[in-house]
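Going by the order they are written in, the chains are A, B, C, D, E and F; count residues from 1 in each one.
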Amino acid sequence: MTTAHEPVIDVLRPIVSQGLGSVETVPVQGARVRLRQVTTGPASIEGALDESLAVPALIALARQSEAEGASAVVVDCMGDPGLDALREAVGIPVLGAGHTAMHMASLIGDSFTVLAVLPRLVSRFRIAARTYGLESSLASVRSVDIPVLALDGEQEELVARRLAETGAAAVREDGAHVLVLGCTGMIGMTRRMERLLAGAGVEGVPVIDPVPLAVGVAQALVRVGLSHSKRSHPDPELKPVVGYPFATTRG
Amino acid sequence: MTTAHEPVIDVLRPIVSQGLGSVETVPVQGARVRLRQVTTGPASIEGALDESLAVPALIALARQSEAEGASAVVVDCMGDPGLDALREAVGIPVLGAGHTAMHMASLIGDSFTVLAVLPRLVSRFRIAARTYGLESSLASVRSVDIPVLALDGEQEELVARRLAETGAAAVREDGAHVLVLGCTGMIGMTRRMERLLAGAGVEGVPVIDPVPLAVGVAQALVRVGLSHSKRSHPDPELKPVVGYPFATTRG
Amino acid sequence: MTTAHEPVIDVLRPIVSQGLGSVETVPVQGARVRLRQVTTGPASIEGALDESLAVPALIALARQSEAEGASAVVVDCMGDPGLDALREAVGIPVLGAGHTAMHMASLIGDSFTVLAVLPRLVSRFRIAARTYGLESSLASVRSVDIPVLALDGEQEELVARRLAETGAAAVREDGAHVLVLGCTGMIGMTRRMERLLAGAGVEGVPVIDPVPLAVGVAQALVRVGLSHSKRSHPDPELKPVVGYPFATTRG
Amino acid sequence: MTTAHEPVIDVLRPIVSQGLGSVETVPVQGARVRLRQVTTGPASIEGALDESLAVPALIALARQSEAEGASAVVVDCMGDPGLDALREAVGIPVLGAGHTAMHMASLIGDSFTVLAVLPRLVSRFRIAARTYGLESSLASVRSVDIPVLALDGEQEELVARRLAETGAAAVREDGAHVLVLGCTGMIGMTRRMERLLAGAGVEGVPVIDPVPLAVGVAQALVRVGLSHSKRSHPDPELKPVVGYPFATTRG
Amino acid sequence: MTTAHEPVIDVLRPIVSQGLGSVETVPVQGARVRLRQVTTGPASIEGALDESLAVPALIALARQSEAEGASAVVVDCMGDPGLDALREAVGIPVLGAGHTAMHMASLIGDSFTVLAVLPRLVSRFRIAARTYGLESSLASVRSVDIPVLALDGEQEELVARRLAETGAAAVREDGAHVLVLGCTGMIGMTRRMERLLAGAGVEGVPVIDPVPLAVGVAQALVRVGLSHSKRSHPDPELKPVVGYPFATTRG
Amino acid sequence: MTTAHEPVIDVLRPIVSQGLGSVETVPVQGARVRLRQVTTGPASIEGALDESLAVPALIALARQSEAEGASAVVVDCMGDPGLDALREAVGIPVLGAGHTAMHMASLIGDSFTVLAVLPRLVSRFRIAARTYGLESSLASVRSVDIPVLALDGEQEELVARRLAETGAAAVREDGAHVLVLGCTGMIGMTRRMERLLAGAGVEGVPVIDPVPLAVGVAQALVRVGLSHSKRSHPDPELKPVVGYPFATTRG
């Protein structure tokens, strides 16, 4: 049951796929979560080019969320595509799954490892940690080498094992104290991983599933009335824009 | 109204004072917050020596919280006294007001300033930001020069003005994009400050009141089942201890 | 006179404006420079949102450059919009005006200041320097407070004076040893500024005009056969993309 | 023979043990060294909780040292328990064994490794190096995995071999140029280690035994009349304190 | 064919050897390159002492270059001996092979490895990267273990193989995205290495041969009229000097 | 009175001057200090070029010190000319006045300011702090603007006042907690400065006179048998050297 004054948190998926209606609502404790996804852009996000093509539609989506009463939005991708642009575009809090997960990992342990799905993303996470000012807490980034699109399949057990093996190596060899799933399409993996890690003698290492945690952080911000700084993310100047009609108006 | 499965978050005050019973309960959205305070230690925390004398009792308090069903504890002091020791002492999440506020400040803006109450605390916050791996996001620490014990008085308007003036200077001269109150005894100041800042032409700068935000972050962690890493904060070894009977047992 | 084996360097303008034909060619010593500009996107780049809307067309432009024989491309904007995406999109060297200017500034002096055109860009340059791993050489970012679109006007003398005053302050107060123009639309300003700086007693401080320098660096890379690392900027995976037909093919 | 004007350096042991009278005096070249130890606190220091319980008594001990004519004190534990608090508590120089050893290691080589006695201490040394501003000189922290209390036993040869093996690995794999013993209870190990290291082909690597070196550094400070900065470590404010009678008076 | 207004770039060799006349001229595209070498100093540069003994003669050489019309000089040694002194000594741009190569490596990739010729140089490159403010882009320094003087021999194939093997390990184990040859006496190695790397499955990793690239960067600086900052590298004060007659006059 | 087993510390002056015989001996507590100075090189050290011309003779001097029984040498210049070369040249500990003073400043306070004698040296100290891995403890470098050669004159009162004024500004505006004299030719200034600082309300800030402190640190190293790491500073390879006969032999 949700009540009238519960905050609405919109989770914005930056990829075009079949599996999701235009908006789906999920109840979580103390909030209403709406899933929205873009209608232009790539089928998966595996690098800077993919991210670039997802952002224009994400901007439109965030403005729609704000117009339709969302209290905050979470960008549902570890690459945080368009995070700065979205924060300029709207006034409600915008959280990136990757940005939030890395901060929360630093908050609960001395060092963390991101488990990237592909080797090509390893360096991007390292640079992201530096951009976010979190470089000294980053133990490592390791790839589990699973194509993003394959995550939708039924190979969940295989994926959990690869994640646990790679995570255990990060703990033992890189000094990781917290593990962060490097993809937001791995819902339900953390419990499985913990069992597998414990079986391998690696206990006491939290595993962060980024989106559910980011939703909770968004609620915490909303409750105390905080949003991102408009000094860091000022409203955009109005100006002529060719090709993106939504970009010259707001709300 | 609170329900049975709502998490209990204990806020631990590290100072000995008259104004608080041994435990008080405050309802917040989606949780029950209990305020507890130590019975040995100093009357205020204004440096490393004060912190050291507060920690043994805080350890006992945190263990009591865990034994009495708390889902998480928040240390109610910006100096985060005993944060590492408490995280070793218990398994439930332990958040420090300062640690959490600095991370959240980094999450919502490019740079933040801590508004310390005393000049003597300026350098301690700078070193703390470095210890927490957040040095590159720290714009500055500025002192508003108000003794901690004076905060309980009725000079609220004066305090708010000093905070707003100092915060405005941090924004203009140091490039601060987020402001963090440097003391947890300033409940209710953020709204006042925002009005005063806006009046001074400084808009769009979030002001963080650390404890309410830390309570929300604690809830977010509890909901997804996360606690601090036991690799960073391992359970203490059992050993002979002279003078602190609570220290050789747990729970 | 240009010769057959001279490299062709394409300068890509990320803004939609009237003043430029689709391609113009400018001879420089030892190379042929072609100016190209996007046909969708914003009229000026003054933040993350503007950048995001420029990038899809820039990707198409870079691929066109590569297909039409360019040896390298330079992105003509200090915000380096789409730098990573373009480097994934093509194999020829892609240089960003901001990225290159900051590295060259570090190469010729101990510390540099970027002279941003607007206050809202100050923090973006600081974060960019961190992302590029150049934070310790950055003395400061200072705003001269001139709207980007106003730079096309005839107020050149005013602009030069503002730049020189701000630059002199950066040298005296922030310890800047090199100055970097924070906008690529200020061709011809450096000589003027040097005269004004010398008049104000500030001598020996190089002023970098980013695009001409980046063109020279591009030539240097081309001559020795170097391009960006495909480990940092791997070719994009082919995948379904909705709305950006150029994105699924290359060349 | 010691002379009247020779400085007295007090070495403060933060653990409660049987093996030491309340004060023992040891002559060293140019100084008189007095060993003192606490009478409340844990039997060994193996983490943050242990440290916290040692500090109140250490504060009292340092004040006693100052009152009884010590020229400086050295905290005899690599975790530097209470270093900041003790520096607030007294005016004579207070050196921590860990803090001093890491600085001296940086002074005599490009990079150093701390040989921790337990895996649980590895991350604590890493964070300490960051807090002390020495992160870029830290090659690594490696554990030799020996419980602290076992160091008092007769297994010296075994311990020396473990230290030498681990140190050799740090030199070869982590690029360590200086080794720091991670526990102050290993007197006499450095010569043995050097022989074993040389036997393993690792020559030219200094091994630092922290306390004897810290005593020498304390003498150097005393001779030129230097102590810690009272800006970093101001005298504590007088205030009501419950449970620690020594804390409201000084000297 | 070279033309009158083409810049003259002098490459200064800091070692005394038989193989080179006092000045040799090499045409490169768009410039005239003159090779000069010192007549006092060591036969090879393999550490700080060797560098120190090369610098006085290098200073004289740079002044001679400036007096004889050079537009810029490049110090032909990866240790950048005397870089700061030479920049004080002359007004024309002075580039160090190592300094320039590390900056260009950072410009074209996220991370780079320097392939040092000797183990004793590994730490020197690491410290140099820190001095140059490029520490966060340095993936590693690895030694290929080849004495510098042996590089002149005919064992080119052996050297190329060692370089490729070590470079491949840097890419796979250290995350290097760009490789930098750690010695300037390896002309012609990059193409060979790329073939060997590709054969080993390591593609897309640029290999930088420092001197040819530095010559191109020097040309780029000369064309836009930039030199090193005289704030970082001020003209030396005139003063009595015993033993180095060239040092009291300029040009 | 000095005794047979007291260590001999040689202080090496890198400048050619009239005021000093070839060797003078000064007794200090627990050691014999010999002053030696070079016979070739510049009359003062005010930059990189001056340093370069002092180093060859310093190398010879250090070897002479070692041959004549010195236990350690201290380079008597804040620029640490030739520190790395000297450490390669000899096996006894070599300390630089600047290097040692900065480390000791970090040891006794959270942050330090170097008081440079000339504006042209400001940036050199900043870069030195970075090279030494002490950047995060450096509050600032400020110039008192006094030519080095003028320090020998009788204007001591004037110099002390300029130092105190500049130091007070560093404390108040830059957050300095320790002050380091930026020149080794200011013997006796620290006491005067402390009086002046106290008169200006700046108390509790230690002022470091580098050479006397470095002599004490050298004694501390000698007593425990430590020298610089030969991994960081390996013995030089023997090789042909033209023009520096001392360089091909040792001791």
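Quick note on the criterion: a residue touches a chain if its C-beta (ideal position, glycine included) is under 8 Å from a C-beta of that chain, and two chains touch if they have at least 3 such contacts.
Note that the coordinates shown come from a computational prediction; the quantities given were computed from them, not determined experimentally.
Q: Tell me which chain's centre, taken as the mean of its C-alpha atoms, is farthest from chain E.
A: B
Q: Name whichever of A-D, C-F or A-B reuses the C-E interface, so over half of the contact pairs are the same residue numbers.
A: Matching pair: A-B.
Q: Where the centres are mean C-alpha positions, what is the separation of chain A from chain E, in Å?
A: Taking the average C-alpha coordinate of chain A and of chain E, the gap between them is 44 Å.
Q: Averaging over Cα atoms per chain, report the distance between chain A and chain F in Å.
A: 52
Q: Find the geometric centre of each of chain B and chain D from their Cα atoms only, then give the gap between the two centres in Å, rounded to an integer.
A: One centre to the other, that is 30 Å.
Q: Please compute the C-alpha centroid of chain D, do the same for chain F, then give the distance between them in whole Å.
A: Between these chains, centre-to-centre, one finds 27 Å.
Q: Can you list the residues of chain F that touch 2 or more other chains?
A: In chain F, 110-111, 123, 127, 130, 133, 135-136, 177, 231-234 touch at least two other chains.
Q: Chain pairs in touch?
A: Here the touching chain pairs work out to A-B, A-C, A-D, A-E, B-C, B-D, B-F, C-E, C-F, D-E, D-F, E-F.
Q: Note which residues of chain B are touching chain A in the complex, please.
A: 28-30, 93, 95, 99-100, 103-104, 106-111, 132-137, 171, 176-178, 190, 203-206, 208-209, 212-213, 215-217, 219-221, 223-234
Q: So in the complex, which bits of chain F are touching chain C?
A: Answer in residue numbers: 122-123, 126-127, 130, 135.
Q: Show me the residue ranges of chain A that touch chain C in the complex, using the header's touch definition.
A: Going through chain A, the ones touching chain C are 16, 39-44, 46-53, 55-57, 59, 82, 84-85, 87-89, 120, 123, 127, 130-131, 133, 149, 231-234, 236-237, 239-244, 247.
Q: Using the touch rule from the top, collect the residues of chain F that touch chain B in their complex.
A: Of all residues in chain F, those touching chain B are 110-111, 136, 175, 177.
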